[in-house]
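As written, the chain order gives the labels A, B, C and D, with residue 1 at the start of each chain.
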């Protein structure tokens, strides 16, 4: 039995879980576990009581080594799991293989978790994979049960949640609409999936939706979708917004980027950062981490901001704050981390120094106006190495574009380190437990984790860093009106 | 006519505004104006339209040079003002004199604002002063009006607001209660003031309270009182919580302390900070500013925290996080900035190195357990110079206690610099305008300033630092769903 | 004609310069040229006058992309060049291929420089390669000349210089001595080379030595050998110690390591550096760069030192200074940069945390006591990936050893960036010009470059960083007694 | 008996040592001793053996609290001492009083060291004081000896040494020359002193010079004079250049300024440093310390340099490097630390922002062109407070000049902290011991302290900072050819 498969021809044979891949992945897992103390602490705390026993989790989140540790934690807490990646490029095949084979299985007799993910899927592959995490007929048969779907979703970006909502919507409507001119290629693929589904069953997604106790969502984009659904009254089950836990948003954005931005620059270009002039667009948490990292390497950092409060913070932190058009000719490295689009445009590129480096750590690839670059007459692209392109411009100079304008900390480095993801994923597991074990606390709606759980996530990561936490005396606790065990802060505290 | 006076014998003659003091203060004001661009921008924007015309502001806030610039800004915007300090020690006499005399007056013919404040008041003086800011009979007579009190309060710590609430409460009750055993000396003084008042008038404070359109409150303590009043349904007029504007709490706590902590250490002790081991209790905004400042001077900083999230932040910022009892013997300088009490106790002091320095930048003087120190058998205090005491301990060693355990950045240095206060006070002025000009927007309750005004405060401080703000294009504005002119962030954004 | 060849069977076919390799290398060269402004400035300054016309340079230095730019600079200045690497692992094959083929040649008709170097030589290969850079018979024949050797050496580590000295010494003695018990395998290979040579010619090295105008030496080790030869009166030609130029030793050690240490850690382990405890052995220039880099990533750095002056510097820079045995249990990452041996021993390893990381940026692989580790009963090595080994220890824990204890910034990253090497290599080129063009200034002996040339190297790197240099007025020049164009400092100035 | 006196009318009565002053000074001394572990360690090491027994030291060095600890250390080691200050303004009267009275004396029966120094001497006072440290007739009489002068000099700036050399020179010539037009007022005072001396004795200075075993010199200026004398063959006794010990020049310049520059800015102006643009002229050790301190306070630092090597260091450390004329309009605070003159001129001042701050930490007051400012038509000076002047300029703006352009870390703050001076002064004491106890090692000439003593100075300061020094194993010592106890580095090592 293969543990990954695909309707397309894009899955090379070696993608199928094999022993070498699985062993390599298992090594990586073991190292990652050492850097993910939050997840390991949850295994210790809940491994016996198994609060997720009975939970059937459909997971859609980058199938990396760190996610593998997350998956095995969910399993250790009693859950059954099926998994897909939430991005066509982000799967680490060895991690996928290790998870599929399982710690005690073999490729021939896999004893892990069904994983539907490989590096370099087509969009058709991708949505096929996503569909598989909702098909629990094998598990149901084995258990002699009548359900055929999951009862929990763990989502990143909201694709799994969207599929359920759209599937049910079209079943209620009795038809899948035709694609319009404006629909993206990807949305057409989704419509095709659901059209096929509707041809097979008129209530498949309706039944699935009814069984789902809740979803826990990892990112801004997915959270945004959830609030829109809730606002429109269309949300079908409760959701926990993991993204806005302090130990998620203030940690992976700032400390994750601080680590992975210079890492990506180094792997991509080997250019000395010291002494260079670096322009960082945006001084939110991502920009703060970027600026700190680059100053730490001896660069001179210039920041741009649209928000006067953040701009004032940048100035008070000692950075020059300027518009890109005022300084573009002096800059050696451009870093965009705004969440907006067209932050660095072709007009800027034409004024840049020869071999200026352009790096996006913001969000979508349109932070850099790649579309305009690609259609610029006279612009010629030369690949220096994978994910590093030199674009020769009509200015007679050229620029280096990393990861084709996509997130370079993922494309040119390896993304957030395990320790950062341990914070995020410990939030995920706690959120799964909340929704699954305490449904009465969460009517349909979107919630953030209560502060005491956010604080718990932090607490579980202190020992690994040798941190000694101070404990309030009862008198001190009474004096400031804060419980000894927390929560310690008002909700609007800004950290 | 004297511009300050007192029922006690503690006002030395030189406290009375005189030309030399007033001129010295005027020099300081002129320099401070250059560092308070927010206030100066408000003068430019509103100096002609005078939105505060008709406002009669009773101000209770440290009578410093920076406050003098605030007062003259309120006057420039049309307000009439009477002022007291909110602390018996914090008045800068030259600033008070300059404000009392006014830019165009003389001590003999003062043309400024009535100020009731001097450095070193007794508690009786203090509450007499506070009472004076509610007596507008002179102004009423001059204007041929029937009112005799203010219609706005600008408060710091809530004493002025409390006096009105208590005064009205006792008038309603028909009597001022006797002091109990548990009442502090200060509260007894307040009761005396109100008892005298009630003997004179049965509705003085009731009339005053009815006329007040609102209060703007500067600090945590005062804000806490306001929320309590509002929660109990006892709040008599709307209030704006200035303290929790981002440009207030995230600026004066962090950047103010970063400046004034090393300043105070230097003025007090002249001890080289470089190479020293410094213990910083608390890693909130105050602790973050303290740790950054001391590292910037080459100290090795050890942090303590009770909140695991803040503790994790400290670790990720590169600091050792430990309990005081684990490291007390290694530490050269202790800094407490927690907002709690008995953070540094006598047991710790007895274990400290010879001539270890103890500094409080947190809040009340009980962060350091001064009471226990003062009653420790065998402990002998020797004043090295004002605000610097060497305490010889039974351990055979001695420690240096700064400002008797009170805020040493005020006691040993000069507190927050003008630029920081400009942010806070620009919030104050905007809050006064909101409550006075748009009463319909603020039913009785406690509010924070709307985000666009918080952003405006920041915006008014950018030019002075040479900051160029980037402006969203209409397309970018539409893409992220944020107006070009802001507000730019959701309310729970943490900065 | 092949441009590299070997007597051993270890040179795979693809090592022979081919078009794909050469083109890949040429891309790298083009990017590196942009980061090596010093060398490019020398091409501009001396490209026409060609001061090295007539120079025949035998080069022995890591055959990397940066060295390729150096070689083409020497050629642009008129020199003829033959090249070998000075390390069996350090050759970048694409750079070697690009240099061999030359900018205008093809693999079939190479028009570059004869290069004898490939990644992964045996010791026999290595010394064969080194011998080739002294055999200029092809060039002599083409020029119709009678000389058959070089007239200049550019050396790194002193192997080329040593071969000449030993060769001549044995020719004078009439015999190559037998190897003794104590001789290393490598020295036996050298003796074999020279024995074969003596069998062919009794004065080959004597003639070569007589023709050599001088050597410029890159590193500490080579410089040490030169001072020993000079001290013993055995030095055969003048030498310039490039290593001790300020723009070499204070730049590549400090700023090079600051860049490449975190780079190597990231590529090897992907472990989050932020929040970790890192132990840096040695606070010389290497240690200073390491500590700065790691603090810049949010690590807490503990330093060890044997020299009280450097220890005091570390303390004044805010670092804890401790012996390894006092803190070994708390440390996550060990970095050794002392130049000494057995700095990190097996006893320390047995006390380390599970999966502690051990990295050497110091010098030889014996900074880490790898020999003792390899012979430790019960220690088991598992390769995680190339250059990253997990060693399972009898303690029940394991440690991660990078690059088998060798320089991890080379083994796990790519060594010093181009900009740093541009400083070093500009010194090299200026030193070659000095010795070749001004022999009268340099009787046999060891020299450092005169300060004005050291300053020139710096000067040539300023424009690339946007640095504006201030120029002394004649009056200022007179006042401090320093020429307007330098040199600006006394020789013992410490920078 | 008074312990200070003066021929002029400028010594107010309170300058004469009195009990209150002496007690205040004694408190300061006790605190300073805690911060001067090097000196205290020398007392412990040599207090019994008293190597300076018989030494009669004439000291000319700023009569501060730290110097008081130095003086009492010299006495503890057996020396007799007479002292003058080397600057008319730098004496701290309480320290002088404490030293004069002595730990066990009273003002009526002083038991300390004869001190001839007070704050605010005239030039006539100054040279009278300097003369007194060479008149040991009282001590000689008490001892029944025939000598009447010192046998050692401890000098700072070289005035004491110069007086001896000039005195002897004029005695040899038989006449003191007339002053010329070009002679400064101060030199005329010196000529008067020597003219009076020659009228009294024809060989006073000749005898004194012959008795002097050597001088130890503190500063650059004095060292420069010594090398000139030695170069001209005129040096009369051996000299040790204390200034160029690593633990002196690399410590007080860098770490001293890092401490005292922001201290002086704060005491002088209370201006928030965070967010400001600061221009630092010069990136030597002083500039490095200044730039680090200001960045540590959140300022954005722009550096200027004439030396391309230092300029490159500044760039690699992340600072913008620019000429003053390129950026003068953006800068809030100007700091000059070059050692040159007219670095900041009136033309620059006329272009500065309103209330820009001008601070000199370099050397002489002519770093800032005060002479040109004072003679600028239309420029008006207003004293804001002592050592802080606002200069209203014809530009319509004004600038703040600190300490009249003199060293503001002395004028507006308290100079180098005790711990820094402990390093410098421990060098001084060791140098005194070297010259006095081992005259055979030092023929007439100028020397730096041997490296092992420089290292010893550092070593004596480690415990106070909790530094654990690592000790070489015998094998490691042999491997790198460095003694276990040092010296550890070659002489040209740059630290």
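As a convention for this text, a contact is a pair of C-beta atoms (placed from the backbone, for glycine too) under 8 Å apart; a residue touches a chain by one contact, two chains touch by 3 or more.
Since we're looking at a predicted model, the values are computed, not measured.
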item: Same-site or different-site touching of subunit B by its copy subunit C, using the half cut; value: same
item: Which of B-D and A-D has more C-beta pairs touching across its chains; value: B-D
item: Chain at maximum distance from subunit B, centres defined as averaged CA atoms; value: C
item: Whole-Å separation of chain centres (CA-atom averages), subunit C against subunit D; value: 43
item: Subunit A-subunit D separation of Cα centroids, rounded to whole Å; value: 60
item: Distance from subunit D to subunit B - Cα centre to Cα centre, in angstrom; value: 42
item: Subunit A, residues touching no fewer than two other chains; value: 255, 274-275, 295, 298, 312, 315-316, 320, 465-466
item: Contacting residues of subunit C [partner subunit B, same complex]; value: 274-275, 295, 298-301, 312, 315-320
item: Subunit C residues within the subunit D interface of the complex; value: 244, 246-247, 249-251, 255, 281, 304-316, 320-324, 326, 339-343, 454-456, 458-459, 461-462, 465-473, 475-476, 479-480, 486, 488-489, 491-492, 494-495
item: Complex interface listing, subunit A residues touching subunit C; value: 27-28, 31, 34-35, 255, 258-259, 262-263, 266-267, 269-277, 292-293, 295-298, 330, 354-355, 382, 384, 390, 400, 413-414, 417-420, 465-466
